[in-house]
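Following this line, the structures themselves.
Across the two complexes that follow, chain A remains constant while its partner is chain B and subsequently chain C.
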Partner chain A sequence: MGPGVLSRIADLRAWIFLVLLLIFFETWANVAYGVTFIGNTYNLQSIGIFATAPLLLALGQTFVIISAGIDLSVGFTMGLAAVVSAHVANLGMSHFGLNPLLAMLLGLLSGIAVAFIPGLVNGWLIARLRVPPFIGTLGMYGIARGAAFLIAGGMTVPVSNEWFAYIGNGRIYGVPILVIIAVVVIFLMHYLLSQTKFGQHTYALGASRVAAVRSGINVGGLTMRIYLLAAVCAGLAGALYSARFTAGAAQAGEPLLLSSIAAVVIGGASLFGGSGTIAGTVAGALVIAVIEYGLVFINVEPFWQFIAVGVVIIISVLVDQSQRKLLGGRQDD
Partner chain B sequence: MRTWEGWRPADVGWPAPKRRPNMDVIGTFVAVGSDKEWEEYMIQRRSFLGLMGAAGAAAGTGLLTTQAALAQDKKFTIALVPGLTTDAFYITMHRGAQAAADALGQDLLFQGASEWNVTLQVPVLDAVIARNPAAILIAPTDKVQLVEPLKKAHAAGITVVCVDTFIGTGVFQTGSGDADFPISYVASDNVLGGVMAARALAKSIGEKGKVYVSNVKPGISTTDQREEGFKKEMANHPNIEILETQFNDDDANKAAAQVQAVIGRVPDLAGVFGANLFSASGTANGVKQAGKQGVVKIAAFDAPQSVVQELKDGTFEIVIAQHPAEIGYFGFVSAFAHLTGNPVPTLIGTGFTVMTKDNIDDPDIAKYLYTG
Partner chain C sequence: MTEPLLDVRGVSKYFGGVHALEDVSMDLHAGEVVALAGDNGAGKSTLIKAISGVHKVDRGDILLEGKPVTYESPQQARDHGIETIYQDLALADNLSIGANIFLGREPKRKAFGFLPVLDRGLMADAAKETMRRLDFHVDRLSAPVSAFSGGQRQAVAIGRAIYWNAKILIMDEPTAALGVPEQRKVIALIKSLKEQGKGVIFISHNLGDIFAVADRIVVLRRGIKAGERKPDETTGDEIVRLMVGG
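Now for the complex of A and B:
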C-alpha cells in the first residue's frame, strides 16, 4: 500500500465523514422515531437547498484558500449583490416597464455584476499593493457592508416578481432550481480548478509564490482573477438569496462567511495554500448542512448543536494534520 | 380576546408600578395571572396612566400649567440618539419624538451613527453633549460601555432618558449603582410581546398542536424576553405542546432548514413564532419549501412595510408590531415633564399591535407599520 492509495483515501475523507454522518442520523432516526432519514427525498431536498448558499461562497473561497489567501469580504459581497439585484428587479418593472421575466434576469445579472467591484478592488489591493489578504478583504468586508446597508436604506428590499420567486423556490422534476444551479456551478468550478491553466497556476501560487513567479506565471493577474472569481460566486449567492426570500438583505451573507471557510477546510484544503479540491469543498458544505439539519431532525437540544459543529471542524483539521505528517507534506499537483 | 388586545395609543403609556423592578417581573405576572388578576393589573395600569396621560395631553390641553408658562419663557432642545439611523424602527421612533416636539413646541435634535456600534455611537453622543441640550434620549448600543460617556452628559446637567435599550440594569433612580442616573427607561415590554404572539398564534391554530420558537441566538435581552413571554403564555394552553427552540444566528437560510427538519420529524407541526424578522422570514421560506404554507402558521415579530404583502399572501398569519413611534413620543414627553418639574415613572412600557390579513387594511392598524 503506497502513498498513492493513502492519499486517495485522504482525498475522500470528507466524503467518508459525510457517509458516516448519514449512517449515524439514519440509525438514530430509525431507533428513536422509527422513520428513515436518507430514504426520505424531502430531507434530501431540504439539505440540498440549505447547503446551496454556503456552498456557492465556499466554491469561490476554495480557489482563494488554495492560493494561500483568504477572502473575508464574501459575506457582505453577497449581501451587496442581494440588495442590488432586488432593487434592479424592482426598478426594471417600475421604471423601465420590463416584463417580470426580463426584470428578473436583469436583477440577477446586476447582482453578479456588482460583485465585480469588491472582487477587483480586493485583487488590486492584494496583487498590486501587496496588502495581506486578511487585511485587504477585512477592509472590503466593511466597505461592502456599509454600501449594502446604504443602498438598502437599513431595511430589507422586498421584490414582488413571480419569476424571481420561481428561480428561488421552484422545482424541475422535484429538484429545486437552486440545487440545479449549484450543481452546474460545481462542475464549472471543478473544470476550472482541475483542467485549466488557471487552476494549475492557482495551486502553484499557493504552494510557493516564489516558484510561481520564477516559472513565469503572471502572479498579479492570477491573484486578480482568483479574488474576482470568489466575488462573482458570492454575487451569484446573493442574487439567488433575493430570489429565494423575494427580498434582498444587506446582512444576508454575514452568518455564512465562517461556514463557507469551514466547508473548504473540512473538504481538505490547507489554509497554508497549495491543496484542496472542489469535490472536497462540496463534501465539506454537505457535512455542515447534514449536521445542522440532522441534529434538528433527531431533536438534539440546540446548545449541543453548536458544540457538534465545532467538534467536527476540529476533528477535520486534526485529520488533516496527521495526514500531512503521514504523507510527508504532500501537496496536490 | 381580551381588552388589552385593543389598546389604543392613548392608553399604552405604562408607568410600571414601583414594586415591579423590571420588565421581566411584569412578564411573569402577566403570564401566570388569572383573569381577575389581569383586570386588577389593568386598573392599576390605567391609574398610572393618568399621570402619563396628563403629560401627553399637556400638548393639546395645557394641563400642566407650569410647563405652559415655562414653555413661553424658554424652549428646550431635546436630543434623540438612536442605536442606528438607518433602521426603520428608529426612523419611526424619530417620527414619534418629532410629533411630541411639535405638539409641545420644543426642539428635537436627531443625531446617530449609521451602524449599531459603540465606537461609532460615542463620538456622536459627545458631539450632541457639546451642543448642550436640556435632555438626551438615547438607545445605548451597550449596557456597560455607554455608562461613562453618558455620565459626562449627566455631570453637565443634561437629563438622560433611555429608549429601547438601556445602560446598567435598566432600573433607574434607585440611588444605588453608578448607572442609575437616567430618569426613565422607555421601551417595548418584550415579554408582553411574546405573550401576545402566543395568544394570537394559539387562537389561529385552534388552541391545539405543536409549536416552537425560531430565535436568533441566546443572550440577546429583547429576543430572549419574547421567547420567555411566549413560552409562559403557551403553558396556559393545555393542548399546545412547545418543542425545542431553534437558534438560527440571524440566518434566514438556517431558520428555513430548521423548520424543514422539524417538519420532517413532526409532520403535524401547527405553528412557529419567529422572534425577529429573519427568523420569521426564513421560517416562512422553509414552510413554503416543505409545501406547508397555510398549514404551519407563522407569527412574526416586527412590522416593516413588506409585511403587508406577506400577511395578504399568507406567508405570515400574525405580525406583532412594536410601537417605536410611541417610544419616541413618550421618551420626549417624559424628558419634558422632568425638565418642567413633574414626576416621571422610571419605567414606561409601550404597547404592541397584532396585525392579521383581516385588519391590515384598517388605517388604525396600518399606522403601526414601520416607515423608512
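Now for the complex of A and C:
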C-alpha cells in the first residue's frame, strides 16, 4: 500500500510543516538568546489566542472552499459582529438594566445572530441567483464593511463589562477561554464535515455539481447552509474579538480574510473544490500563527511575517500540485 | 408473451415547432437489451429523457409493467425503478465507491450509542457486494473513484443504479469514452445486467457494440422510428441505411 502511506503523509503535510517551524524557532531562540520557545507556556497561550480568530474564519471558509466556492466577506462580517456585540452589550446594561453576565451573553449572541444576514444574503445570491461566489461575496464584503463602520460611527466601540473581559482574557487551568471555545468549535466542525450528510454533500458539490444534483441533493439549500455556516463562524470570531479587546471594531477582521483562505490552502484544500479537512485547516492556521508570533519572538522585523506567510502559501500550493501528479489524481482517460 | 417492463406507445414531443419525436413506440422486457441507434438529432436523447422523466411527452403513453405513468421529475422516474446513466457518469470523483452509491441517501449509525455518524462500514460493504455482482473486484474501497479506470467508473455508476433496485437502466453512450479493453468490459457488464433480469436501453454509435449485445435494435431518424430489427436478421449496412435514410 505505497500510495496509501504516501497520501497519508501528504494529508499530514501541514502538521509536519508546523513541527518543522517549531523546531526552527526553538533552535533559533536557543542559539541566539539561550531561551526556549515552545517550553514557554506564555508563548503557547499567546499563539493559541493569536490563532483563534483566523482559525474560526478558516473553519467556515473550509466548507466554502471544499464546495468550490470562496467567501470574501467573512472579514467584515466579523467586524460587523464585533461592533454589534459591543453595542448590544453596552445597551443591555445602560438601557435595559441587565446585569453584566446577561448583557455579555446577549452581546455575544447578537454578534453571532447579525452574521446570519450576510450569510443568508450570500447564500441566496449564490444558490438562487447563481451569482459567482467571488463576485457575490465581494459585494457583501463592501456592504458588511460599510454597515460595520456606520453602526460603529466610524470609531471603535469600547465595552466596560467584566464578563466580556473574562471571556476574552480569562484562563481555566492556564488554558485561555478563547482557546477552549475554539477547540469546541473545531470538534463540532470536524464532526459536521466528516460525519454528516451535510459534510458529505459539501464534498460532492465541490467535486461535481452535476453529480450532486443528479443524486437528488438539494444543492440550493446546501449552498445556503454552507455560506450561512461561514458567516456564523465569522460572527463568533467577531463576538470573541469584542470580548478579547473589550471593544468592537469594524476593521476587526480586515487582515484576517486572507489568513483564513491561506490557512485552508496550507491545510491541503484545493481552491478548485472537493478536498480539504478540518485537521488540515487547524494546522494551517497554527502554521500562520507560529510564523507571525515566532518572528516577533526572535526579533525579526514584523514585515517579514507577510513575506514568510506568502512563501508558505506558494509552497503549499506547489506541494499540492506535485502531490496530485505523483499520486496519480488520474485525469482519467 | 409476458407483459413488457416498459411500453412506450405513440409518444410525440415538440420543442416549439420542432418535432423532436413523432409517434414513436417501443417496448422493453425484463432481461432484454434494446439498442437505440440513430444519427445526431434523430431523437435518441429526447426519447430517453422522456422515459427517464426529464421531458414530459406531448402525446402518447408510457406504461411501466402495464400501468400508465406520468412523472414530474427524474426523481419520480427513479422511484419507479428507472435509472439513467449519462455519458459524464456524474460521479463525485473525490468520494469512495460506497459514498457515490449512497450519495444523497447516506446511511447512519450511532457512535458511542448516541452520536449519529455516517456508516462508512455499511457503505464499503455495499460497494464491495455491488461491484462483485458486476464482476468488478475492487479492494481499495476507501479510495476516491478518481483512482479507478474509465470502465470501473462506469461500473460504479451502474452499481449505484442497481444497488437501489433499478429495473430499467438507460445508458447513454456507455462505451464512447473508453479504450477497447474497457469497452469489452462494459459490454460484459450489460450482459450481466441482462442475466440479472434488468431491462437495458442503450444508445450507441458503435455498431460493433450494438450487434454484440442487443436483442433488438430500434432505429430513429428525424424523430420518427425508422425501423426495428433483430441483430441476427439484419446487417450493419441495413442499420446504417435506416439511420441515414434512402
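Here is the rule we use: the second predicted complex is superposed on the first by the 326 of 333 C-alpha atoms of A that agree within 3 Å, B and C clash if a C-alpha of one lies under 4 Å from a C-alpha of the other, contacts with A are read in each partner's own complex, and residues count from 1 in each chain.
Note that in this section a contact is a pair of C-beta atoms (placed from the backbone, for glycine too) under 8 Å apart; a residue touches a chain by one contact, two chains touch by 3 or more.
Being a predicted model, the structure only gives us computed values, none of them experimental.
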If we overlay the two complexes on their shared chain A, which of chain B and chain C does A:158 touch? Say first, second, both or neither.
first
Now for A:43: first (chain B), second (chain C), both, or neither, which partner does it touch?
first
Identify which of chain B and chain C touches the larger number of residues of chain A.
B
Tell me which partner A:292 touches in the superposition: chain B (first), chain C (second), both or neither.
first
Looking at A:26, would you say it contacts chain B, chain C, both, or neither? Reply first, second, both or neither.
neither
Considering only the touch criterion stated at the top, classify A:244 as touching first (chain B), second (chain C), both, or neither.
first
Report, in rising order, the residues of chain A that make contact with chain B in one complex and with chain C in the other.
none
Enumerate the contact residues on chain B facing chain A in the complex.
84-88, 91, 114-115, 218, 243-247, 249-254, 256-258, 260-262, 264-265, 277-278, 281-282, 285-286, 288-290, 304-306, 309, 372
Residues of chain A defined as touching chain B within the complex
33, 35, 40, 42-43, 45-47, 49-50, 53-54, 146, 149-150, 153-156, 158, 160, 169, 176, 241, 244-245, 247, 249, 251-252, 254-256, 289, 292-294, 296-299, 301-303, 305
Would you tell me which residues of chain C are touching chain A in their complex?
74-75, 78, 86, 88, 90-95, 99-100, 103-106, 111, 115-118, 146-150, 153, 177-179, 182
Per the touch rule above, chain A residues touching chain C in the complex are 191, 194-197, 200-201, 203-204, 206-208, 210-212, 214-217, 274-275, 328-330, 332-333
